[in-house]
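So, here's a batch of structures to check.
Consider the two complexes below, in which chain A is the common component and chain B and chain C are the respective partners.
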Partner chain A sequence: MKNIEFFRYLPGAAKAKSASGLKKLVNTLLKEHRVYGTVKRDGFPVYAEIADASELELFSTPTHLSAKQFLFPPRETLLRYDIRRHLHEAVIESERQAIIGLHPCDIHAIALMDEVWAYGRPDANYLSRREKTLIVGADCMPDEYCFCKSLGTMNVNDGFDIFLHKIKKGFLVRTASDKGEEIIAGLKLREAKPYEVKELEERERLREASFKARLDALPKDLPEVFASSNESTVWERIGSICTGCGSCNTVCPTCYCFDIKDEVKASLSEGERVRVWDGCTLEDFAKVAGGHDFRKTRAERLRHRFNRKFRYLTDRFGMPFCVGCGRCSRACLVKINITEVTNELIRESNKRRP
Partner chain B sequence: MSLSVNQTKEGLESPYLPFPGVIERVTRVTEKERLFSIAPLNPSLLEYGPGQFYMVGLPGYGEAPISITSGPGETKEFELCIRAVGNVTNALHRLKRGDFVWLRGPFGTSFPVDEMRSKDVVFIAGGIGVVPMRSLIKTVLKDRQGFGRLTLIYGAKSPEEMLFSEEFDGWRGKGLEVLLTIDKPDTKWTGNVGVVTTLIPKVEVAEGRTIAVVIGPPVMYKFVILSLRDKLIRPEDVFVSLERRMKCGVGKCGHCQINGCYVCQEGPVFRLSDLKDLPEAL
Partner chain C sequence: MEKKELPRLAFFSFTCCEGCQLVVLSCEDELPDILSLVKIVNFREAMDQKSDVYDIAFVEGSITKAEEVRKLKKIRKNARVVVALGACSSTGGLNCLKNRWPMEEVKKEVYGKDALRSELFATLPTRAIDEIIQVDYYLHGCPISKKEFLNLTTSLLLGKRPDTTNHPVCVDCKMAGNTCVFEKDMTCVGPITRAGCDAICVTYGAICWGCRGLVDNPNTDAHAETLKRHGLTADAVMRKFSLYGTCKTRKC
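Entry: the complex of A and B
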């Protein structure tokens, strides 16, 4: 049953303290899933495995890494081989998992990843993991980097199983899948009271008014902005300060480039072919064995990354591949800011227009 | 005996599972290149077109994209001419007859042979670019009367680095004009000296019925394409094959991208006119 406008009330705070509704929910999920959720480590909100409900803490701003790590892990085995037996075995590993605490931007990002990995030759590793994943969303409040409002990813009506909206005393809960509904129905929650729904509406209005960062163009106009910005001096300027560290790729919830490499076991006859995250801003990304580098400069590599977010993949899939989470700007060591760069290109593009 | 196992419960197929081929022959071509004849245990791997490539792997070393150099449908084997330049290709050079290699593919687009029928075709190859060109030349020569004038312009650094030179007389005998050029001649070289573009003016071009195919190192394309424009060959009638780094072969890993285009899917063979909106291509 899908009833996105139907709210139920889950009592308790954003930390799963004893007897809180959140604790009940996590304990239910723990019965049949490996559970990952948001926690604070070294002062940063991050995702981690939740063995006990009390570890979970919901945050209003994005985690450092996104939840893509549980669907497209930083390292995963694709094959096992054994040279003595001339054997290659495909490895497709997945288990039932629940991820708790995804904000709307990250739920949109997963919807984009679903498109990518199913496109053309389907990627069984991602898709089997996705199939067994339950998503529990949580709402948020923008910081100075968030700009999902400019990309139409501020709200979600599907792509999750359960969604938790924080109100003063507890949560209002929505479900968008049979699985999610089944779990919530099991908690026997009461329907939300009209004043609670009103409180949520007020909070949503506050959220919408709280954005500081924004893009000065509509999502549909962004491909054209980037198509006409190939020769812009912006690329040289940000390329000259970029350190090529790849942080923007790593933290991005829609970056999915990867490397494939072999890891040999101590026996030397056995080993694994593994897939690891790669990044198009890293130095050797487009370099071939003969030594020719098809994207030699940091400026070219940054231009490629921005174009992938706002043009190349949009042309292919019909949606911007940036969800406005702001993680790349937060993580950048030299403060290259995705909204500032894009707005500068938008201004240049507007000037070029007759 | 099953050597490639898809062990998933749901019957999902991994696009990363390679299939075995047995090396039937290894021939030294030059100091850097060897020619491998490979018989795949799974015969469906032999269904390839000229211009396509395999991901060729060795456990412990990884995979590399390698162009097919034999003509399709010739035998129960196919040929790869491999230059030892990287980790995987150097390891492949140590293999002998009877050893296994692991294959995924064939991947990518083929040269549109049907479109070349009854036309004149100029094949322009530089260096190792002659490797995929040989697959196309063999395809075309198998049905020689189906095509007009055929010319190969092939340039190498030095006479020793010229690949397949022992096959040129056979190709000439079948009706392919072979024009050769060398960057650094030795004392015995009596032919043309200079880059491949020095030979293009010598080719007679029938306007509107000539197709050009260009494969070579990145630096070559720009100059060759300018010469072809002088010859009034339209960009619609020019085909190129482009090299890029590749990891997955299935349009996901991102390494082979030229702007928004995946070379492993939409290439490596491109019509020149289709590259006009891809500034990263040439």
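Entry: the complex of A and C
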């Protein structure tokens, strides 16, 4: 059985209605943080700012967009300048924030982003925002696209401050940081009861048995699969149906590519340098001066993206850069499915083996 | 010090609603700065004066009359830089819808059967301005985006290459945090349409109609399949593609 001392009991439903423990938690966070969490909009779970505890609703299914926008905004100012006055200043916009409702895959994704943005020349903007971010996780149930189980990202033991496990009547709460512990201690929750922990274990068994999507190889074997798949006909086939809309990049919690632009004010002397999201599946991504293009076709661009997730970044950081959230498959209008494509390459690779 | 002559800007308007000129006029916060850097010599929506001496011509509207063809060619001759201002000018826009029918039929439908006997109603199939003259820069959209107009103008004044958008609306849509319209049981042409609009239509609850025209190298076949999978007939797909795209999808 799980160590019962790790858990405390928070009463209440998945919606932070009146008198629920969740409402108490959100209200505590609202005192010192800008709070973001999952809400229902147009019938779908999305991340949004929570001004009042009653807006929050925890979902067992994933949001379409990831939560990366709160750490790596779609657009942010890096620099302001005024050439007439010979001024320029770096801009780092960050404030204390809490993100509520992150599933284990999302928490793993943030841990990967932490590695990326600290690698080489550390990115002051990301790191400053990250340092001021409190993460409140929540558990989930896989839908038809989720495959975190195949990538070892199904559970988390760190990378969050507070984690909420839903049980029938309320939540079992874990903490993994001093900040998280301080907040939970302030709520004066009772310890979990053995039957509650048992219920949680039962739920986790059910969750583990509920995965429909899976990869047919171990994470450690994936770099080799992709290294040997450059010539596969799979790329041409998915390239022919890809519209290059970039959604697999923009919804991905670990895609971090960006473009930098200078935006000049009408005075022509003042301006801002801004960073905006970019994506390797977009037509112009690998175009450089002189009209040269390193990846001219949609097939090459998709091959690059898959390799980034399962091979190139694994070589650099030692782990896959896909957390199995399934968002790219879910968002793809032409139904390019990350597990199906990868499994096809795994099959081809197995066949090539002597 | 000798006063440097300011670059001369001219705005021209052909067949359109002149809404893109209104967007230019709505740049109230920026216009004072811009007017200290340029001299505007033609702008029908805003002033009476006219001149044939200008450096940069912003051309709004599509070309639907022989007289417009002559005027447009003259503008090209006079200007150093020609900018297509808005969908009608850059892709032919909505006006291209009439190209689906014979011109005689269009005239009769709009002006009555007497119109067929009068020279006053002479009309040509709609064309984007680059089907007649060479265009240096494009400001897409119905209407144009203020941000892109300002970016282009400041870039030209600084002598740097303007920022051009060649990614589909899906990117802007995700950046705006929208739920995909296909998830909401609607359909759109965002995946093949040039963005730069911040996905304003979807953000406010509508769909992407494709007013900014196609991205370079669009995969229209793949998107037609997607639309069919979402319940559209082949004919409905064609109608969706041709609302703003008749001129570019079917050469007129």
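Note that the second predicted complex is superposed on the first by the 347 of 354 C-alpha atoms of A that agree within 3 Å, B and C clash if a C-alpha of one lies under 4 Å from a C-alpha of the other, contacts with A are read in each partner's own complex, and residues count from 1 in each chain.
Here is the rule we use: a contact is a pair of C-beta atoms (placed from the backbone, for glycine too) under 8 Å apart; a residue touches a chain by one contact, two chains touch by 3 or more.
All of these numbers come straight from a predicted model, not from anything done at the bench.
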Original post:
So, A:353: does it touch chain B (first), chain C (second), both, or neither?
Top reply: neither
**OP:** Tell me which partner A:258 touches in the superposition: chain B (first), chain C (second), both or neither.
**Re:** first
**OP:** Examine A:128 and indicate which partner it touches, taking first as chain B and second as chain C; both and neither are also allowed.
**Re:** first
Original post:
Touching A:188, do we find chain B (first), chain C (second), both, or neither?
Top reply: neither
**OP:** For A:247, select first, second, both or neither according to whether it touches chain B, chain C, the two together, or no partner.
**Re:** second
Subject >> Touching partner for A:304 - first (chain B), second (chain C), both, neither >> reply: first
**OP:** Tell me which partner A:289 touches in the superposition: chain B (first), chain C (second), both or neither.
**Re:** first
Original post:
Who does A:312 touch here: chain B (first), chain C (second), both, or neither?
Top reply: first
**OP:** Could you tell me if A:92 is touching chain B, chain C, both of them or neither one (first, second, both, neither)?
**Re:** first
Original post:
According to the contact criterion defined above, which of chain B and chain C contacts more residues of chain A?
Top reply: B
**OP:** State which residues of chain A lie in both footprints, the one left by chain B and the one left by chain C.
**Re:** 261, 264, 268
Original post:
Which residues of chain B touch chain A in their complex?
Top reply: 3-8, 10, 12-18, 20, 57, 59-64, 83, 85-89, 100, 102, 217-218, 243-245, 247-248, 250-255, 257-260, 265, 279-280
**OP:** Sort out for me which residues of chain C touch chain A in the complex.
**Re:** 27, 29-31, 33-34, 37, 150-151, 153-155, 157-158, 163, 166-168, 170-171, 174-177, 179-180, 182-184, 190-192, 215-219, 222-223, 225-226
Original post:
Which of the residues in chain A end up touching chain B in this complex?
Top reply: 78-79, 81, 83, 86-92, 116-117, 119-125, 127-128, 230, 256-262, 264, 268, 271, 273, 275, 278, 280, 285-292, 294-295, 300, 304, 307-308, 311-313, 315-316
**OP:** State the interface residues of chain A toward chain C in the complex, per the touch definition above.
**Re:** 41-44, 46-48, 64-65, 69, 74-75, 240-247, 250-251, 261, 263-268, 276-277, 279, 282-284, 298, 331, 333-334
